[in-house]
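In the two assemblies presented below, chain A is common to both, partnered first by chain B and then by chain C.
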Partner chain A sequence: MSRLRNPWGRPRGLVLVTAVYVLWSIVPVAVAILFAFNDGRSRTTWQGFSTRWFTGATGSVFHDAALQSSLKHTLLLGVLCVLVATPLGVALALGLQRWRGAGSGSVNTVMLLPLVTPEIVMGVALLLLFLKIFPGIGLGTTAQVIGQVTFTLSYVVVIVRGRLVSIGRDYEEVAADLGAPPRDQLLRVLLPLLAPAIVASAAVVFAISIDDFVVTQYLSSDASTTTVSMLLYSSARGAPTPALNALATVALVITLATLALAFLVYRRFAGGSDAAVAAALEV
Partner chain B sequence: MMGSRWTWRLLALPGVAWLSVFFLVALYAVVSVAFGNQNTLSEPVPFWNPLDWNVGYVLTVLRDIGSGGQYLTVFLRTFLFVGVALALSLAIGYPVAYYAARHTGRWRGLVLLALVLPFWINYLMRMLAWINLLGPGGWGTIVLHDVGIERLFIWLGLLSERGGWLDGQPTTVIIALVYGYVPFLILPLFASLDRIDQRQIEAARDLGASPFQAFRRVTLPLSLPGILAGSVLIALPMFGDYYTPDLVCASAKCNMIGNQIDQFTRQGSEKVTGAVLTLLLALVLLVLMAYYLRSTRSADADLRAGEA
Partner chain C sequence: MQGEVRLEGLTKRFPDEVVAVDGIDLTMPPGEFFTMVGPSGCGKTTTLRMIAGFERPTSGRILLDGLDVAQIPPHKRSVNTVFQSYALFPHLDVARNVEFGLKYKRLTKQERRLRVAEALDLVQLGGYAGRRPSQLSGGQQQRVALARALVLTPRVLLLDEPLGALDARLRKDLQVELKALQAELGITFVFVTHDQEEALTMSDRVAVMSAGRVEQAGTPREVYEEPATVFVADFLGVSNLITAEAEADGEGCALRIGERSLRAARGDTGARGEVKAMIRPERIGVEAQDAPGENRLPGMVERAVYVGTAHELHVRLVGGDLVKATIPNDGSVPAFAQGAPVTLHLPADAVRVLAPRPG
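Here is the complex of A and B:
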């Protein structure tokens, strides 16, 4: 049976390479998570299981001021970035998808550029922008949100546009034939159909924002605008306890939970688009 | 057809304005600072008007590079690190992507999940994991010692002392770069291998090609766009990386161009020279960026045409 499907023989070597690769890519992180639960101060010697670095009274994620503030600031940036980038990106995706003609090509290129610009170039550019052109805004939370929105915007556009293509134009045209004015076509037909993609892109933006390092670091002002990634960078080598591992674990769980939730929402609703259309068209 | 053409332009307007100010103008700020001056407090003074541009700082950097100075060393080291890391990434990533695309069968979903997972784990957490493992007494250090890899690396000259993985070793930086970026290479490789029509390979085999010939003459050429796109996709961030050498080497011996830029702009007070180096890096990478944009743009044009 498997010989029929695969006339090249069993790829034992490939199985081995893939298995070793998957182990190599996951196990180190799994060990780092394991040590977040170490019942001692070591990050290299296992001293028994405990949750003291998450909830303990001293030096834990939930009680150490620096760790807690970095987690809060990371989540704050994530939420603000989603709130700005998602509507901006959805509107840009709709506009770019339907607007043909003079200028649309170059806008398209500019929209894709942040995806391929090395982050350090964007970091330096935004740093100089806020130092030299907008000293009024300066560095700090606002600058960090603006910086993150600037490169997450493109992800929203790409995701939403993919969905727009798969929806096609039929639904709008039906709505138009039934006499719906343009505003209703947009708000009552297109947007409900896009909802799964909007949720998915919001989740992706949130996850990227939480994991972002370079731009966020370049635009931070002081300790109060330090994020989890920045703390990982500055204390990975000198960290005295596994509390840093615990912090990274908490951030990882938040990221993965967000993405898993968005995936479920997408699968639940993007599949049943006909039902969504029916609901949207029902006056 | 809904609304007028202006509706769509109006919807695009806020996004376009945002990108113009915070991306295009920001990039121009780099140019203006690079061709600017600095005051007595060594604060950069940008020259916005191209007619006022001061080429002094740019020339200083170019002269340094021309005469084999420190910036040339850093640029060459960057090319070396990225080149070796890219080659290793392809050597690891291609077989894995090939297996996932062609041989997984009912395990496909699970294998794909395992390949995507590192994508969503914070890069710095993945580095932290290796710092824990490779520190003195870390599990990785012990395993590498016990299985003889440590001795092999010392014998090959890739490691300078026992247990010194995190102390100024370029080898560790390259391994860390591979670890950090290979997941981002595997996905485009997987996509391009997955798209290949199985029947083309069967046809080659029917016509007498050996499995190896079929791979070399059919599969490999057909997956070339994926190889190139994936390579560009990970080479670009690698060229701008400064945190990986900082974290796993922590020595000027491993400084990449990103470290130099970071020290001059974010940490230091030589922002003008930092802007010059940023500009140079961006110009070097422009070719790669243009290639990648062109390949995504043609895919994008297909998307738009498909809908029209």
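Here is the complex of A and C:
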């Protein structure tokens, strides 16, 4: 009723809903992070501050063999996935942008399919692919990288194409007009202009890769190909210690740092508004 | 002298079957300021893009100093373009922008630097070499784009509405500057604009285009004073076009407009039947009601508009046509207010007969 009486007033109801939602989504994460610093073995009772689950001599993230291995493997998959998906995605984006004619529309749609396909479906499909059709590759790191690239590629294409559209064709035409052959139009003009989008998409790919559970789990082989997310899942019901919270905290910090870096790079070099940057990183 | 562009039967049909340029023939003489002017969609920009090499002609030839370049890619043509958007490379500073194309010429680093400095001086941006494009004003960006093209000493410089994005005052200044620069360098400029005033004031030669065709090409004086078609008369400046019936009158031509008759000495005086009588507002004399003499038409002032430098009268003729007449503002209060009956004097040598296009 107050809104009806005073349409210029603050929308109190909406403010309340927003505040409740923000609390609801942040508090559990904050509590989990807090218990990573618990001095005892409990994940529910606070026993004083300590960093033993990060750096302690036994059972900590930096000294437990299983935790260490999972962290290393997670980062390895992330880096490999970035190295494969980014160049491939940039090339695809450039190709799709140029390709006008029969079939380009359907390929565009297909490129977006991995974004909406349930991950479990993709995981099962990829599992069958590596077991039945390419048994030579088998399960393990290679399969995990290929699997992650399969769906992270779409993000690269979407982000880079968005930037391509906003760049337009003028710069390439100017370069050609000034005498640059097609190779130089790409290397001297287009790639430098795309750099922010490329960095941003690489960061997004990295963040998605280290967060991924379903596909990575399906395509893993043994303990050496266990990632952070898999380890957290499997040991959450076993004998959990705050070391798992510490591990999750490390993963979270890496993800946030990567996305923050991408955001800053994109804003610094693309010169767009914050809203445009957020839209570009919208995943 | 180098820098002649000749277009022969140049045609561009886009995949969606739109004919953007419909078989035009034009000669752009070396060292001249040549302007293509017309409303949006008339094909002027597409023609320019074909000369630059960004669009491939469907048919026809583009002769650059006698050599057909229609199938040569843009990076191998000795023409350069100034874009409407300027498209300065945002990741390079001013000097590197200007230097961009010099990398494809056989020059030493010293020679390149010297040419960049000369080009920046030419456009009066000597002190701006280290700036980023985003730190420059619109007018300065426009000059950098100009320097970046001119540094390559092209035989022909193509300009696609280069002043379109600037405010009116800066536009006027740059019009004068651009014209002076062209005269100094002696490079052929091919200029595209939709602004008829810009076309008339800057050019040595103007091509008025409409619907993918050239309506008329000639000096600014020719196309303004002696428009060949109704479209040209209407597009350039303000024109009065009155429907009339042309009849023989001794050696000349008499135009029957309702009860009255006008003698016309210009245009298609040999035409007979339905034609348009065209006269510029500044050539019409406004006189008191029932003033005697030939070539006079009665009417009534429907609107009197004060435009500062002149008074503009909208006069409804007895036959129903609306005619605009301007009286220079000499400081006196105009004698003809709204509703006043007047007589318009249309001198025979200011009345042009425009026959309808065949077909």
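Basically, the second predicted complex is superposed on the first by the 262 of 283 C-alpha atoms of A that agree within 3 Å, B and C clash if a C-alpha of one lies under 4 Å from a C-alpha of the other, contacts with A are read in each partner's own complex, and residues count from 1 in each chain.
As a convention for this text, a residue touches a chain if its C-beta (ideal position, glycine included) is under 8 Å from a C-beta of that chain, and two chains touch if they have at least 3 such contacts.
Model, not experiment: these values are computed from the prediction.
Look at chain A after the overlay: chain B and chain C fit there side by side. In the superposed model, A:Val174 makes contact with chain C only, not with chain B. In the superposed pair of complexes, A:Thr142 makes contact with neither chain B nor chain C. Look at A:Ala125: by the touch rule set out above, it reaches chain B but stays clear of chain C.
Legend: residue contacts after superposition of the two complexes on their common chain; A:Leu193 is shown touching chain C, with no touch to chain B. In the superposition on chain A, A:Tyr218 contacts chain B only, with no contact to chain C.
More residues of chain A are touched by B (comparison of chain B with chain C). Once the two complexes are overlaid on the shared chain, A:Gln68 sits clear of chain B and of chain C alike.
In the composite built from the two structures, the nearest CA pair linking chain B and chain C is 5 Å apart.
In the superposition on chain A, the residues of chain A touched by chain B in one structure and by chain C in the other are 168, 173, 175-176, 182. Every residue of chain B that touches chain A in the complex is listed here, in rising order: 1-3, 5, 7-16, 18-20, 22-27, 29-30, 32-33, 44, 46, 92, 95-96, 98-100, 103, 105, 111, 114-115, 117-118, 120-133, 135-140, 166, 179, 182-183, 202, 205, 211, 232, 236-237, 239-243, 246-247, 250, 258, 261-262, 265-266, 271, 274-275, 278, 281-282, 285, 288-289, 292-293, 296-297, 300, 303-304, 306-307.
Across the complex, chain A meets chain B through its residues 5-9, 11, 13-15, 17-18, 21-22, 24-26, 28-29, 31-32, 35, 43-45, 88-89, 91-92, 94-99, 101, 107-114, 116-129, 131-133, 146-147, 149-150, 153, 157, 161-162, 164-165, 168-169, 172-173, 175-176, 182, 185-186, 207, 210-211, 213-214, 217-218, 228-229, 232-233, 236-237, 244-245, 248, 251-252, 255-256, 259. Chain A contributes residues 168, 170-171, 173-182, 188-189, 192-193, 195, 269, 271 to its touches with chain C in the complex.
Of all the residues in chain C, the ones that touch chain A in their complex are 52-54, 73-76, 80-81, 83, 85, 87, 89-91, 100-101, 103-105, 134, 148-149, 152.
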